[in-house]
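Got some structures for you, see below.
Same chain, two partners: subunit A is paired with subunit B first, then with subunit C.
Up next is the complex of A and B:
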């Protein structure tokens, strides 16, 4: 028995080889190539000159600023709207609340560009409400608030889903006791419901932030003119200008931004009371 | 008599086609402990929730201190409430839980700082003020829940099966503490919901026995125990033996009457709930029966004789099941006497004042 066990232990490293090789070939190697490309100089050598030139350029800084502004604004609005809608669906009894909750699940399966396309039909230059927000002959949809509107429309359910799950596990006796102690419905929401749902709200919000930082399909389909985000800049440099070293620099920065947000999010969750 | 602190008038509660409460009237005076006792689904919690404002009556009115609060939201009623699972706020420390109601009422920081330690001390939880609820035992959590409810100094405290999640020794301890708390706050009315008659007897000035959304009986624990008004009250409250009996002709008057039970004549007490003549139920508690010395049955010494079916030793007592003709009755004999054996004949005697006659309905 123990001989068989020790033989099994001896084979254990072997079983790790395949997934490690697959991971290396499919993920680490291409990322390594991209990272190496980022440090190729204009004369074909290697160094920091090309890297510094890209990240010091106005195009990159503008894209970084637009990306962060859009992501933060969309995430804040998604969290606010998601919380309000989840509270309404869960706590305000109305016919069809359950069906609506299911619809949200289905909505998560939609591709993001569908939302962009449908908004174009509504607010695009040739859309039904094409004149809304028009000041310079172009609809607001092709600017900052258009992207935010599309991202809020698409990503709000990503906040609502974990919130609805958290509300399902909330002890309703707590709400009743809070009410009997003299707290108003708004006070109960603020002092009991919100703290209980905070980890889920932050989890949904963080997911939203990560996804909006990297959002590409919505902006591409909308044909946005007034803002450039990091993914759009990568696309432009790689596909339109064939500037692969430049695209790799922006992509590295995009990855660094996403990873820092992710680790910040993990750290914040660890600090929350259980 | 002063106006009741809680007054429920003709309250019915319907959930769709299900009627959870039928036309219930209830008054609770200042300082009184009223226990709503009944099985699951009897309507006791629905009645409590109607008083608290969590359930709106389909009909009837609810008054608190003479004020009609039927449509008032729970936060405007000024009641303290403690529920079965404590419902402490998990993200708040013990002191913040107790301060919750005071903050909701916009009390000053100074008042909160004075009140919270006072009530934590009253429930013996001063040393735990900075703990989170998850760091407390069930009994400790219940103490915090009580302190939280009392901190707003309510005139009425509602307790919905507050001890049912605790084990038996802790429950007994908490019952004593609740009695002690009420002694410290004698003006406060308490409405206490339970399905446990020991809790009801220990705490209640008055027991309201609920059944199928109606009040089946109400009265002091002793009156309900000694003179149950109906069959349900007798069976639920104290597991009384109910023996078919016929009132002897000519015994239509007087407090003590002779009745024939399984062809044996014994004496029993007539109460307001007794029929005047004819068939009745003889209600006698298992612990009011004692093994009679010598044989014989019936007659002046109030004996019933039968044959032992089974004996179960329970420590302080032993439960004997005795067959008298077709009827089987429960007898609790002291645990320290020699137990009869199954099949033995056994004569039981009882005080006629401890056996009451009920209508056979």
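Up next is the complex of A and C:
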């Protein structure tokens, strides 16, 4: 097909100049200036002093640790819950399962911070479970597990979507052969379905990991105090302390982490069967 | 049939389990938000003193202004992002694979990195000459364009890959010049994908918080920023009401674009 295409019309690089210039001004130039800002020293010169002070500081290391811990925990739970739900939706047809998987698509377009807000009413100091179980003042919601819970509620569909697509391409005859050979349904799941869907599960999981590393709205709106993530640290340094160089150092590290995850994820996607 | 032979009994159990899990994980939060938006007080298990006051408040004063700002920003940013994304995808379409990989990488960076750091980068870059934009409304719109262009590009690229293969070549071999092929054949065929991109971009822009909160001018508070400001001041029911109206606006826009989409 590509041969036919290149016979039809040649590529004209000229037209690519306009969008690339626009991207250069609106994206590459700002990111470049931010990177330069990370190496501004407190006295206004340039050097590594400020960069090293931030990187070596307890605040940054703590935030990095919290970010990675939250993201890994939430991603593991999303992958588990997403797999269970995708299997149930695909293999145990029930009324509304089709509508449900379309609803999941719409869910992906909604902002994440609303989940944080609604969990406040569910588990917060005022709220359903808060009212049932509370004698102690503060709920678990404003710490590590609260953030994980919110992220799992929001990001599970990102794992389910590629899984549901993978299940659609499964060869059902193969599953029937396995079960007629005496495998239990769970044996079939473990030995046939899981291996076949594993690439999609891993791809969904790495997207989930990237998005949870980058997550900001949930933690901001929840008003979490015990944990700080890298995006929260960037916000705090830039907006609350007007420390642009410090914020830029954190942002630069966060961007490096996210980009390496993202390109790993893209590489994984390329290996998926279409 | 489907390949897992559960017994009828366990099948029923599993279906109930699936329904409950889905409702519990995805349905319950939305229901909470709805309840909170009409709650007068919430001291017990369920809210009491139901009232429409918060919802009415969400449609008046600063809240209404914030919603308008979000709608305007979303519409403008979506339009620019569609042009930029579709243009990029079409222009890079016949490029050698190596060039395409680079164009992809540059276009998709905003998906990969945290929106807060994009906000910071724009703040650092456009608060100084030669391009002084900080404090203007167009700065917010530019920020949203930067964030959602990647999705427009992705959708347009996916659409181009699925175009019926020979229409454009036929138009070309019948003597249509390239710009005519583009306007009369390529773009109309691409339209469903562009509308899908518009719907997604608009929804994302309506809900954008991370970058906007870094750089919004005080006279252009968007709805998500307003929700944060309200809840931060402890006005959680008003925050819930604004969120409900925000969700309703987003959903209405999605439906509108979906109905406009010609069925394939």
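We adopt the following convention: the second predicted complex is superposed on the first by the 244 of 274 C-alpha atoms of A that agree within 3 Å, B and C clash if a C-alpha of one lies under 4 Å from a C-alpha of the other, contacts with A are read in each partner's own complex, and residues count from 1 in each chain.
Assume contacts are C-beta pairs under 8 Å (C-beta built on N, C-alpha and C of every residue); 3 or more make two chains touch, one makes a residue touch a chain.
As the structure is a prediction and not an experimental result, all values here were calculated from the model.
Chemist: Could you tell me whether subunit B and subunit C fit or clash when both sit on subunit A in the superposition?
Modeler: fit
Chemist: Taking the superposition as given, does A:196 touch the first partner, subunit B, the second, subunit C, both, or neither?
Modeler: After superposition on chain A, A:196 lies in contact with subunit B alone.
Chemist: Which of the two, subunit B or subunit C, is in touch with more residues of subunit A?
Modeler: Residues of subunit A touched, subunit B against subunit C: more for C.
Chemist: According to the stated criteria, A:99 is in contact with first (subunit B), second (subunit C), both, or neither; which is it?
Modeler: neither
Chemist: Looking at the overlay, what does A:244 touch: subunit B (first), subunit C (second), both, or neither?
Modeler: Only subunit C; A:244 stays clear of subunit B.
Chemist: Taking CA centres after the superposition, what's the angle at subunit A between the directions to subunit B and subunit C, given in steps of 10 degrees?
Modeler: Approximately 90 degrees at the subunit A centre.
Chemist: Looking at A:174 after the superposition, I want to know if it touches subunit B, subunit C, both of them or none. Which is it: first, second, both, neither?
Modeler: A:174 contacts both subunit B and subunit C.
Chemist: For the combined overlay, can you note the least CA distance between subunit B and subunit C, rounded to whole Å?
Modeler: 7
Chemist: Using the superposition described at the top, list the residues of subunit A that contact subunit B and also contact subunit C.
Modeler: In the superposed arrangement, which is not itself an observed complex, subunit A uses residues 173-174, 176, 178-179, 185 for both subunit B and subunit C.
Chemist: Which subunit C residues qualify as touching subunit A in the complex?
Modeler: Listed in rising order, the residues of subunit C that touch subunit A are 1-6, 11, 14-15, 17-19, 21-22, 25-26, 28-30, 32-33, 35-36, 42-46, 84, 87-88, 90-96, 99, 103, 105-118, 120-126, 131, 142, 145-146, 149, 165-166, 168-169, 172-173, 178, 181, 199-200, 203-204, 206-210, 213-214, 224, 227-228, 231-232, 236, 239-240, 243, 246-247, 250-251, 254.
Chemist: Using the touch definition up top, name the residues of subunit A that touch subunit C in the complex.
Modeler: So the residues of subunit A touching subunit C come out as 1, 4-13, 15-16, 18-20, 22-23, 25-31, 33-34, 37, 81, 84-85, 88-94, 96-97, 100, 103-104, 106-107, 109-115, 117-122, 126-128, 131-132, 152-153, 156-157, 170, 172-176, 178-179, 185, 188-189, 193, 210, 213-217, 220-221, 223, 230-231, 234-235, 238-239, 244, 247-248, 251, 254-255, 258-259, 261-263, 266.
Chemist: Using the touch rule from the top, collect the residues of subunit B that touch subunit A in their complex.
Modeler: Residue list for subunit B touching subunit A: 52-54, 73-75, 77-85, 87-91, 100-101, 104-105, 132, 134, 145, 148-149, 152, 158.
Chemist: Please name which positions on subunit A make contact with subunit B in the complex.
Modeler: 171, 173-174, 176-185, 187, 191-192, 195-196, 273-274
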